[in-house]
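The first chain written gets the first letter, and so on, giving A, B, C and D; residue counts start at 1 in each chain.
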Amino acid sequence: MFQAVLNPGALGKASPFCDSYLKAYRLALLSRILDEKFASLYRAGKIHGGVFMGRGQEVLSVSLGMALRPGDVFAPLIRDAAGRLAFGEPLLDAVRTYLGSPQGPMRARDGNVHRGRPLEGLFPMISHLGAMISVVNGALLARRLKGVSGTVGATCIGEGGTSTGSFHEAVNQAAVEKLPLVLVVANNQYAYSTPNSRQFACRSLLDRAHGYGVEGCAVDGTDLEACLKGVGEAVENARAGRGPQLVVARLLRLCGHGEHDDAGYVDAKLKQSPLGRDCLKVAEELMQSRNWAGPEALAAWRSEAVQKIEQAVAQVQREPGPDPFKEVWSALSCRALSEGVEES
Amino acid sequence: MFQAVLNPGALGKASPFCDSYLKAYRLALLSRILDEKFASLYRAGKIHGGVFMGRGQEVLSVSLGMALRPGDVFAPLIRDAAGRLAFGEPLLDAVRTYLGSPQGPMRARDGNVHRGRPLEGLFPMISHLGAMISVVNGALLARRLKGVSGTVGATCIGEGGTSTGSFHEAVNQAAVEKLPLVLVVANNQYAYSTPNSRQFACRSLLDRAHGYGVEGCAVDGTDLEACLKGVGEAVENARAGRGPQLVVARLLRLCGHGEHDDAGYVDAKLKQSPLGRDCLKVAEELMQSRNWAGPEALAAWRSEAVQKIEQAVAQVQREPGPDPFKEVWSALSCRALSEGVEES
Amino acid sequence: MSITYLEAIREAQARALAEDPRVFIYGQDVGAFGGAFKATKNLAKTFPGRVIDAPVSEDAMVGLGVGAAIEGMRPIIEMQFADFSTAGFNQIVNQAATLYWRTNVPCPITIRLPCGGTSGSGPFHSQSMETIYAHYPGLVVLTPATVEDAYSMLLEAVAIDDPVIFCEHKLLYYHLKAEKLPTEALPVGKARISREGRDMTIVAYSAMVHEALAAAEELAGEGFQVEVVDLRSVKPLDTDTVMASVARTGRLLCVGESWPWGGVTAEVIARVVSEGFGLLDAPPRRLNAKDTPVPYHPSLWAAHRPTARSIAGAARNLLRM
Amino acid sequence: MSITYLEAIREAQARALAEDPRVFIYGQDVGAFGGAFKATKNLAKTFPGRVIDAPVSEDAMVGLGVGAAIEGMRPIIEMQFADFSTAGFNQIVNQAATLYWRTNVPCPITIRLPCGGTSGSGPFHSQSMETIYAHYPGLVVLTPATVEDAYSMLLEAVAIDDPVIFCEHKLLYYHLKAEKLPTEALPVGKARISREGRDMTIVAYSAMVHEALAAAEELAGEGFQVEVVDLRSVKPLDTDTVMASVARTGRLLCVGESWPWGGVTAEVIARVVSEGFGLLDAPPRRLNAKDTPVPYHPSLWAAHRPTARSIAGAARNLLRM
């Protein structure tokens, strides 16, 4: 399917767990730097529309992507650059979509985080929150009907998205059909500017699992180890036929809603709380404390990531933009049924 | 507001609880007979469209109507003839709406269970399941904004309706605003033909309460005493400022989805289980065992109810139907903004 | 043998299920019960596991269909009434309708909408939603008026690689009958001349075709030869057939059961006048339902929608111009 | 002093809140944050408790507005983008729009939709939904094109006893400016002649008015006097003003930013030709967005929507006929 984004030779340290931890960290780091690159291109006026970063959520997202296999289905949301890379999304897909290259999978028709390759199991989100979950359900039901087994479907949502009717209908639908769905809720304390107190009234969103009759688990979204374990288990459970799995992660969005937003409304107390830790820093400290990686390795990984990204951006910036005169202005695959509405 | 539907002189037995029990029973009986009258008019071809009965759910519904006070808001659903009568809906409203009399509150524009008087707190349902809950929320929020306190809003839904996105959004909304909402879920085991196993996967829908952060209670919907107590407490809790209250009642729909449906799909085991008891019979046995009412009283109440209903039907059947030439064909209250779309 | 419009819909689904393993049906009560209107009667038994009861969750029903379509299936999603598709509206217009355009991956999903008014059904069980869906890019909107079309167009809908909104008219379900199922059919996208005439053209679709035909019959008694065009599909809309008819008759009356603002009738007239302005000998006219919700009472309902009588009246006025 | 279209919307809301205790605002992030576009900036502080953050629940947001309206309030519901109103669609078209007709109780709710395309916003943050809402009975659909209209029409929307869909164009938010707020205004339901001319009429609304005006300016350089009619309100639609203009010019081009099938442009043309057939010296023409979702890339987006240049081109063709 997709090509690997990391140089595999660089891995292979102490234990299998250490291996995946390092791999996950490096992908999370890559996604962080990628996001930052988009942010800087945005500030330079080189990106049209919004830029949405996963800052503070990378290790959660990457853990999901790492737990999935080729053949699984993944419908990431706006803060999932890390999970995408781990699932195998080519770096170029992200860059081409943000920069509006017609060579990207969305061919300049849709932008930024609205990208994917459905036939390779990576479903491109529409903006309407909650709307992707039932689409993943459909893919999973289709596989059941086709007799394909052993694959799972995963998707992500923020705590704000849990207030949509779509979320509810889809989780209940997955529960009724006992589909191998993994739904990761990133409770990052805010939906745009709206704090949790204005979004829901339960103690924890995990309390919802019981009400749907699905299994659930809570993870500390700032802790890569906890995420790899919690999310990994959820994916295993789903794969083992235990039905839908709800993972609720606690963390804090360490950026604005989008790059246009300074997030001035974020509570200082939250920033100083354990929720406000930078998940990459936490991982770096752990790797150093366990002697899995020293400052040189970290620096090398960072510069390797920067180089990859700069290269991709440089390549895409040379690609010509879309040509409206060559664009096929039809939304139907059956050309014969397309309306040639005459315009003067 | 509304006029009382029962002759008050006939009440006043042993204790206040006995009083309300008897009153509730008599209203439930009245609604049962009313439903049966509509069913027979339907079979005689005198009613256009569907007839939807509350058979088996009368004591649950009536308990809610009884617990509400003038000034409260009530948005009943399709099986709530009993609750409506208890809340004070005139018998004539039901008859006029079913028979399409322009003198009814819906003026022949809408029919059967789609009736109400919004300004008197009785909200007329639209057919889309789940859609009334947030409307009740809105009325309650408005009262808070206006500084009106001490009133509650109540609405009913079937277990099928809990699968709608509207249900979820509205319950969560009520929880966030801590509104005095009472939501009674009648889990009558079927949504049209669909059994619970195809509708939800949790053990009990009551498990949802926790996930919304609202209080919940389960009641045996075939037992008038349990309903009066459980629903009554929920209404009191809401009135006391404890936020939304979810009541989940177990019972069985003792009729088809509508009168066109023979309900052949209902599981015989369920019919023979305690869920399948006729709630009116259960109440009658209790009243007799406690010496609250003997066979003569029961017979007298029944014939009083029959008489009231026959009278109302006879009166409405003499009322002229709507005149399409006098009908104001505009959906706007601002006549100046109505389109006079010319038609040839 | 005689077969109803509803039976044709059932037979088309049975055939689609039998011939194509990718087809499945998902909707409320469609399984053992056979659907609110019995359009899937016996199908769950004949095709075990492929006719699946859904919770009351229109949004998730459509979303599931899209996901299955991505995986190569050909889902048929039954809405219990067209009116309830508003609850699945977002998934229809933003998910299903945009998928191919965004990703180059087709979305072969068929959404069956039991549409249109019937006596006593009231504002929430009577709506015609073809206008709403036809406005959106990425959807094909079919409105069969005959038993034969119900059958062949539904089969074609399932075969089409794009999302199809299949508007079945409830009033035709039981009463409209044909001798047998068709063995060949006009392709989707082509309108049909249902009755020939040289004095004026009435363009109609779905149940209104029958009202228009009755009006034409009535006018024939008065010496007028009225041509009736059945659009069959409102998107794509076969402007060529309509224009050719208007070119012969010089007069156009367009009839639709949905609301007046911006419906099929406006679209047809706008196309005819901008592309065939010179063809008209008199102003084009249209007749729609009144601009209110659909009323419950039979006598209000009968006045709310166009009928053979009101169509004949409008046609007479136009013939006199 | 100079005031933008967006500031006018904020000022109108501030005035409505100040003058009428029944008014409150409900929407995502409208409170302390002041809304995604800052249309409610500072209002929560000035009117404590009356500018309320909603969960991401469009269906429940609209439902709540209807319930509050029944209780005599005048809610303003802000959708974060018009595109997301699909998630509240059912409550808008079936609950709010039918309430008065069913019960005789008015439903004075205003739903603000940040509409229309802006560069780089893509298929789900660019939609124009006036056509969808105007099709339904029971809704008033306003499409202000000027700063003054944004202000006065929003105030009027709140005062109107019926549900109003208020379509604000995002492209005008920051760039369109006026000297001051108006003290008097045309009533809702009246179109305006934005520019006079005797050679042809261009009917437009919302952001397209400005494209049409630019096209008229360009054509003036070529010696053509083009009249531009700003509809202001698409439902009700001021057919009289349009017809009077066409009566003077004999030529009609209708421009809309939404999709071509069944939109405002079809409705305007259908009305003009059926009621004023003889007024036209040439076929009426229309120009809409292309029949695909709105593309992300600026150069695709610019080709997708009508612009001054494409309008001028269409107008030239029509002037030559």
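Throughout what follows, a contact is a pair of C-beta atoms (placed from the backbone, for glycine too) under 8 Å apart; a residue touches a chain by one contact, two chains touch by 3 or more.
Quick caveat: nothing in here was measured; it's all calculated off a predicted structure.
Visitor: Which chains does chain B share as contact partners with chain D?
Guide: Common neighbours, chain B/chain D: A, C.
Visitor: Taking CA centroids for every chain, report which one is farthest away from chain A.
Guide: Chain centre farthest from chain A's centre: B.
Visitor: How far is the middle of chain A from the middle of chain D, if each middle is the mean of its Cα atoms, in Å?
Guide: Distance between chain centres: 36 Å.
Visitor: Just give me the whole-number Å value for how far the CA centre of chain C lies from that of chain D.
Guide: That gives a centre separation of 30 Å.
Visitor: Counting in whole Å, what is the centre-to-centre distance of chain A and chain B, each centre being its mean C-alpha position?
Guide: 45
Visitor: Listing for chain D: what residues touch at least two other chains?
Guide: 54-55, 57-59, 83, 86-87, 90, 94, 97-98, 101-102, 123-124, 137-138, 235, 237, 261, 274-275, 285-286, 290-293
Visitor: Give the residues of chain B touching no fewer than two other chains, as numbers and ranges.
Guide: Where chain B meets two or more other chains at a single residue, that happens at 106, 109-110, 114, 126, 128, 163-166, 169, 172, 176, 198-200, 330-331, 338-339, 344.
Visitor: Mapping chain-to-chain touches, which pattern fits: line, ring, star, complete or other?
Guide: Basically all the chains touch each other, so complete.
Visitor: Which of the residues in chain C come into contact with chain D in the complex?
Guide: Against chain D, chain C makes touches at 83, 86-87, 89-90, 93-94, 97-98, 101-102, 123-124, 131-132, 134-138, 235, 237, 258-259, 261-267, 269-270, 273-275, 277-278, 280, 282-286, 290-293.
Visitor: With touch defined as at the start, can you tell me which chain A residues reach chain D in the complex?
Guide: 47-50, 100, 102, 106, 108-112, 114, 126-130, 160-161, 163-166, 191-194, 198-200, 265, 321-325, 327, 329-331, 338-339, 341, 343-344
Visitor: With touch defined as at the start, can you tell me which chain C residues reach chain B in the complex?
Guide: By the definition above, chain C touches chain B via 28-29, 31-33, 36, 53-57, 59, 81, 83-84, 86-87, 119-125, 253, 260-261, 285-288, 290-293, 295-300, 302-304, 313-314, 317-318.
Visitor: In their shared complex, at which residues does chain A touch chain C?
Guide: Contact set of chain A toward chain C: 105-107, 109-110, 114, 116-119, 123-124, 126, 128, 131-143, 145-146, 165-166, 169-170, 172-173, 176, 330-334, 336-339, 342, 344.
Visitor: Can you list the residues on chain B that touch chain A in the complex?
Guide: Checking each residue of chain B against chain A gives 163-169, 172, 175-176, 178, 197-203, 205, 207-214, 243.
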